[in-house]
Amino acid sequence: MSAFFGAFGITFTPHKRENPILEEVSFELEKGEILALIGPNGSGKTTLLKAISGLHSLRGRGCSGVVQFKGSDFLSLSARERAQRVAYVGSELNPEFPLRAEDVVLLGRTSQGGSLLHRMSEEDRQQVQWAMERTFCWSFRHRELASLSGGEKQLVALARALVQGAKILLIDEALSKMDLNHQAQVGKMLRSLAREGWSIVLVAHDLNLASEWASSGILLKNGRKVASGLMSEIITQEKLRLLYPETNLVVAPNPATGTPKIFFGATE
Amino acid sequence: MSSRHRVPPLLLSFVLLVGIFETKTVSARELRDALGTSVRLSDQPSRIVTLAPSLGELVADLLEDDLTKIVGVSEYTDYPPALASVTSIGSYTNFSIEKVISLHPDLVFATTDGNSEAQIDRLRALGVPVVVIKGENFSDFQASIVTLGLALGLEKRGLEMVEQFKRGIENFSVRARLRKPKRVLMQLGDDPMITVGNKSFLNQAITTVGAQNIFGDLDARYPKPSIETVVQRDPDVIVVVELGKDVKVFQRMVEKWQHLPSLKAVKTKQVRLLKADALIRPSLRMLEGLSLLERAIYE
Amino acid sequence: MNDTRSTLRSYILAIAVWIATFVVAMKIGAVTDASVDVLVELRLPRTLAASAIGAGLAVSGAALQALFANPLCEPYTLGISSGSALGAVLGASLGLNWMFSGLVGTAFLGALLFAGILYLISLREEVGSLTLLLTGVMMGFLGTSLVSIWLALSDANGIQAAILWLFGDLTRVRLDGAVFTFFGVAALCVFIWMRWRDLDALLMGEEDAISMGVEISSVRRRLILLISLMIGLCVSAGGMIGFIGLVIPHFVRKTVGSLHQRLIPLCAVWGAVALVVSDTLARSAVRPYELPVGVVTALVGAPAFLWIMIKRRGIR
């Protein structure tokens, strides 16, 4: 397998369910690629990301699949080794305990280890600053997480993923609460990370956001992959009708960038 | 003869009056018990249940030879030995009402010193005649003997026993008057340390032999003060009262005091172990117990 | 840099307060001019034990709260202390008085038994933290019910002693037992402290912790083992003392934050202070009697806990 990171035949049917949540989903990710994961609610996007990052175990009955990182088996690695390669960012950061933003980001360095007596090594400190500056949250690093807005918390979560040392990011609707300005800036930031060699899988609630930043994507419906390819190949009227048959959607290119955009069609 | 009349006749009449007053008969066989409740009794009760070991002893004493009349006793009723084989109705703090009923008693004796009021009420509600006596101090004790005697139709014997008791007590009082009172800690248990307060008749036992209970100021029966308070009050004598069969437990208590050598009682080797089942039961054997106590404190 | 200095300051303050309360506790008592043997036999063991047990309970509470990312956890949540109580009462009724210098051996064994069951359950891959937590709570209820049954059936003398112990009893422990407990707790605190990075990562929840690289099952197992040993030791020395494990971590977090490198040691010291103060109150409030120390911690801890809960509402 030549791909940098690949998932093959991911099937996930947890206990006592009739229909699988995921059925034989495969995809490959190259270095520097931003892949969008698109599908309606319940199509299995979050489950897929959690399965390939190791958060959901694929060892039970009704579950199977192989994940490879640079050609070798990924899921058999320890949690620490996995965290050093792949970072999963979920949509919610809900702390039950008082924590400051920079402390939360520092937690992302857990997989890098450290000494008992020194909480932060010089490298840790540098990484935290770099990540928080890049995700535009350095200015509120001393604030308590609980006092931040949803969007600000998501920036912090993103920074935390960046410090892990992993070069693969799985972003699971982690941009949903940001304001327009931040969304645009984060999008730009992701593009530049990709240029620096990072690989990103992006689940975005807003299809247009995904289409703007991602270079390729896969369409999921009911746990099955129904299409994959470049964004321009999959964001087409007929492909979208597969996913959202009841909704009248129109695809047209963004006048400024040319990327395909989705609009609601006229209502009769 | 003269020693007999040492007991002030006034006191005796007082006891009689108290006794009669407390057991004022309202009709043919109706008795008023120590709490003032009116109880209907048969003329010659022949199926008797006692709800405390001390009551068992007293009733046996009153009946003298007729012990077959006792059909039920509480757990641990072992004196006189004949009572050990009588049917047990459970522990005195929580006896089995059903068991009592199944024995068809025509007279049940209970005491305020331990029996549950709720259970007594249930028995009465089920039609069982229950005579309750009080057991907090020596005069209660004497009155209770009179009550028991009357209930059993053995008034004369009851009054004789009271006499006996009073004479015995007087002997101790006489000796006590000639002594300098020693300050005593009476220990009944450990972890927590249990001692005797002024609501227990054991307190009276201590004063009768001419000593002073260092916790006699506490208005409780068996209080559990802190060890430091004992050190503060520094008794002359510590008497560990051995109850029950496990001697080692009480020997350990005696040993524990040795760790506090600044205590007067420890310095002067006045920590005593007293085996006195007789002392702690409000029965006529208490006189034996009192003499053992006297010896433990003053010898 | 500022961080280090303020950390140092909080340590010094905490330790100074502990020393002060220790000295005051040794001076307070029924005997006004206490001789050495009174101090050494009566006051030193319990003050030392109170320090150890307070520290142990506070640290266990903090670790449990992190382990389950649940601020309502405390040493009794997992039912281990109910196992302790069960061990103690069963031991008492069977006449097994395995005591080492006032430490109730059967209580320790009871704690280990329940902890062992939880440990075995946690070995299974598919058991998540929530399941484990609920299992612990159920075991706690079971243990408590069994203890109640025993109490209902036993006689007056047995009950008295058992009830006092169940409300916390620092009067039984002797000097060598107190020293043993002190060093045992200290060692366990160090072992738990060494896991501070894992504890920090767990604060965000199990999933976040895994995605950050924490090997959840082995970390959980090790922590449960350490925490159970700690709770077993504390309960066998002083009975069931509540609220310290729940309230102290919350208070310390408010001043120094949630990160465990600092939280654990400070919880230990402040937990010690809290219990020494409670014990001193317990034995001087109603002379000549003594209140069970667990009553004092409850009377002080419950309103303190309510206050914390109300304050949290404000943040949310």
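Order as written gives the chain letters A, B and C; numbering starts at 1 within each chain.
Throughout what follows, a residue touches a chain if its C-beta (ideal position, glycine included) is under 8 Å from a C-beta of that chain, and two chains touch if they have at least 3 such contacts.
Treat the numbers as computed from the prediction; the structure is a model and nothing was measured.
Chains touching both chain B and chain C: none.
At the far end from chain B, in terms of centres built from Cα atoms, lies A. The chain occupying the central position, as judged from C-alpha centroids, is C.
Chain centres here are Cα averages; for chain B and chain C they lie 44 Å apart. Put simply, the C-alpha centre of chain A and that of chain B have 83 angstrom between them.
Between the Cα centres of chain A and chain C there is a gap of 42 Å. Residues 29-32, 34-38, 41-43, 155-157, 160-161, 164, 169, 171-172, 283, 287-290 of chain C touch chain B in their complex.
Across the interface of their complex, chain C is touched by residues 91, 93, 189, 191-192, 194, 215, 218, 223-229, 231-232, 259-262 of chain B. Every residue of chain C that touches chain A in the complex is listed here, in rising order: 65, 69-71, 125-126, 194, 196-198, 200-201, 203-205, 207-208, 210-216, 253-254, 257-259, 261, 315-316. Note for the complex: chain A touches chain C at residues 50, 53-55, 57, 59-60, 78-84, 87-88, 90, 93-100, 103-104, 107-108, 110-111, 113-114, 116, 119, 144, 146-147, 160, 164.
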